[in-house]
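Below are two complexes that have subunit A in common, paired first with subunit B and then with subunit C.
So, the complex of A and B:
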């Protein structure tokens, strides 16, 4: 392994090394720790200008319930779930289909279709902003959940197709030859060969798509101006403007909106990392 | 009907499978992008009729001082963001030791990446706060007064980019950690026998093996830099006086806030052309690697 590993027989050096790395980590996360500290501080401390001393009490519960009772964050949170979950499911279904065809069927234009899925995924959002906004206005879905669900499903299908195509292309070809030899139709091959085998890829993809969609801010601002459909990201940006003096509340709200993707990440870290690094390394 | 279906089903099925994804992606993403390019040749307030404007939106852009400020800031973003791959590699090397407890340390290093950019923006707005922020506290400790970074036209962009680098470094770190785990052990061992170490080892033995990871890390960093919008919106709204604006945010301001959709589309078109160069380079390399691999 590179860099050279500390030898097993040197526990003291190992602890020393871990200690120094932890110190670097502490500095790395310092801005985040500052927000966490502020989020558990009583409002009285904030009013008195005491931001960094030892808190006069721990208002963890009061501040975090305050986020839901004094601000519309509860509504935003629910909106985010209503937008994100159907989008993720849509992305998984569409990309399994496109990935299967693009990886297992040779036809003219295959590479071009694939390249457009990848390239489109890197476009700046602003180049599609005006027409997408108009499209939702024309369809009468502007400022509804459906507008965001449709956009996110469409956009994430680009990245997801790249992901699924590469995963299915790496499956052993004999499986598909056997299915064909048995006279299985493409639909049967999809249901009995592809779907059971792509489950790990779907797990990785669902976490990534969830994180991307949950964290989206631009489309939330463009397509959902009203509080009734606004997701957490746009909601937090609003709170920051409205509750200028209530940093304990804003801090707690920041932590609240980070919790779902952070929890998913911790529980399914291996899938998340494998998903993100796919293409960077083999296997 | 039935026999027709039977005869053609071997290619009809794939078409049916492809259709929903392709129609949705083309209908929403590809068509919209093309339509924006067309809108950039019109004058339009978003409600009334569109009037043909020829190149006048682009001519106006060339005479707009804000355009040059935004473009300059985009370049600052791009240049400063190039620090993300080497910093990510440095942290990846630091944590690539098999010690009990290191796994938790690694995942905590990823934390900024998992958070939304809006949350990162709020975190850093608080960090930079000139009266109560942590940075102010550090300055006070050494007996100086903290600068109000986010309201200083000279420093505001640099301050926002530093905040944006935080998750970007985490992203590069994940990529390099995966790369380090896939190194060819026998080459490393052979180089060690030959006495290679330190910088020489990294430069001539390890980095050549990380070429693919390097490419991806640089590509995502370039795209990330040019896409910057969220942090600017949350931390500065492009201010003070447009000094931290970038093309992506200026476009949004001009369309959604000033109702100048044609002009906004022209700004988006410029951003698109800049990005298209990188996207073409990325696609070219990626498809070539694919062909070589297959």
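So, the complex of A and C:
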């Protein structure tokens, strides 16, 4: 069921094991490798059809600076940050509030409300494409940051509420009774007791939400036709010209785009792992 | 005045009544221990007093003020929980000052209150630590400290010692007793442990199935239980109960007789309703049974088992045809508590004796029929004028 140590003195099995791990890792990382390789290749290599060979020259700096000088990636990058950061903050605030209420207060329709939050996750969002686009048009926010921020916040809050509700429900009930007996209002309890205790969950959730929103392509395409608002994902697709595509630049841009979520993960990794396991193990 | 008055507290969950018409007046500076088997509603009662549970009918007065509909924070109570319920992310000092901080009190006042509470409980050295760095006993002390900091009218304890090991529990029991004398506050203490109830209470409230069975001083409940439940609940090992039959009823006395048990004449009180031929139950405390055969009545028995505790020994006696109902070991053996220097062994035949004056009589519903007796054990509730 779980990986067991291979005993010393079984060299055949050990090398088989190491060999297969290497092979799987290689296959798994192959696309990434191809992108990295392409991102440092001169454009001439690609034009010549040399995708996998040793690069004829290393244009690492030229390609990566080119991303920002020759394309509007800088703008897209900024757009992505402007959209993603407020959305993540919005998701964290809303889901902490909803999670707190749904896990700690008994009222009529509690379960129904919770079911709606969860149920929303199962709807394929493609079916909402046209209504949402029309709604943003009617609200006059089509093709603005606000449209993407509002809709990302709304769509992520469903899953985030499930996450936060379960996390807060796992906190010992006597803590809440103690706070109430001490005269703390619900808001004070939320701020002084709940939030400090769910910090690992908030860290994990912020990474998840950040990645989902940052990597979103669908809503980016649907709601932001203009370059002024377009985030990186939609912008990347724009880099492909009608007749030519600078694959080396596109690859470099792809790597640049992937950096923020990965960085965030490494910064918050400690909290992230704790946040994902804490509810289950109850530390 | 920090009186606590409960008038007709009733609480239901759907069709089940968890608290049925509870009436209780705790005078200022009284230490009330609410005791009963698990599920008897004692914790629910405490949470209702705290305001953490709403009640369906009745009235709660604290210091003469009706707080039935008030939030817990406005009731002038402080509660100590079984699991301590300390906030793990705060230091001991922050935990203790939490209530005052939430009430928006000035920093200096909070500091002073925390310092005072810490001194009372001798936890000054831990103030900067976090709860996880403390042992169970220290945590419980902090939890009590948190309650003291708010200087409430009424302290509520919800089984505060249940998570501690036996040695620490005894120590904390004594400490809470001393604390009570020092704070001179009204306390309501919930426990399932009869030793805590007997040792700490000025008055015990014994509950069962959401109903108060009896309220009184520990000795009062022990010597004059109102019914068979009270008689069986207090005392360890518990009272022996033997089914028998009333064969003679006269003014102020009744005679019971059953196979193997000689006729015993017992004093009964004026309101006792018993008739000749009624099924009744007699009760005999383990310490009232003597293994040397001394006493008004004798029985021959065989030792089934001896539990040697050093200072004392518990003997389980097969006195067939006399069988104890609801006996401790399920075999119908009588339980006797005796001196630890016992030389008897398993299967030895003994003559056991007891005095009629030590026998309790209960009717078929469990109501006590024997007249009240005076306690020969000296113990008076402290601090409260009876």
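Convention: the second predicted complex is superposed on the first by the 241 of 283 C-alpha atoms of A that agree within 3 Å, B and C clash if a C-alpha of one lies under 4 Å from a C-alpha of the other, contacts with A are read in each partner's own complex, and residues count from 1 in each chain.
Everything that follows uses one rule, which is that a contact is a pair of C-beta atoms (placed from the backbone, for glycine too) under 8 Å apart; a residue touches a chain by one contact, two chains touch by 3 or more.
Remember, predicted model here, so these are calculated numbers, not experimental data.
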Applying the document's definition of touch, where does A:175 land relative to subunit B and subunit C: first, second, both, or neither? second
Applying the touch criterion given at the start, work out whether A:55 contacts subunit B, subunit C, both or neither, answering first, second, both or neither. neither
A:215 contacts which: subunit B (first), subunit C (second), both, neither? first
So which one touches more of the residues on subunit A, subunit B or subunit C? B
Quick check on the superposed pair: does A:183 touch subunit B, subunit C, both, or neither? Answer first, second, both or neither. second
Go through the superposed model and pick first if A:86 touches only subunit B, second if only subunit C, both, or neither. neither
Is A:66 touching anything from subunit B or subunit C once the two structures are fitted on A? First, second, both or neither. neither
Under the stated touch criterion, which partner chain does A:124 make contact with: subunit B (first), subunit C (second), both, or neither? first
After overlaying the two complexes on chain A, where does the subunit B footprint on subunit A coincide with the subunit C footprint? 185
Sort out for me which residues of subunit A touch subunit C in the complex. 172, 174-175, 177-185, 188, 192-193, 196-197
For subunit C, which residues are in contact with subunit A within the complex? 47, 50-52, 71-74, 77-79, 81-83, 85-89, 98-99, 102-103, 146, 150, 156
Can you list the residues on subunit B that touch subunit A in the complex? 9-11, 13-14, 17-18, 20-22, 24-33, 35-37, 39, 46, 91, 93-99, 101-102, 105, 107-112, 114-119, 122-127, 132-134, 137, 166, 171, 174-175, 177-183, 185, 188, 192, 201, 206, 212-213, 216-217, 223, 226-227, 229-230, 233-234, 247-248, 251-252, 255-256, 261, 264-265, 267-269, 271-272, 275, 278-279, 282-283, 286-287
Please output the residues of subunit A touching subunit B within their complex, sorted ascending. 1-6, 14, 17-18, 21-22, 24-25, 28-32, 34-35, 38, 49, 51-52, 94-95, 97-98, 100-102, 105, 107, 111, 113, 115-120, 122-132, 135, 150-151, 153-155, 157-158, 161, 185-187, 190, 211, 214-218, 221-222, 232-234, 236-237, 240, 247, 250-251, 254, 257-258, 261-262, 265-266, 269, 273, 276-277, 279-283
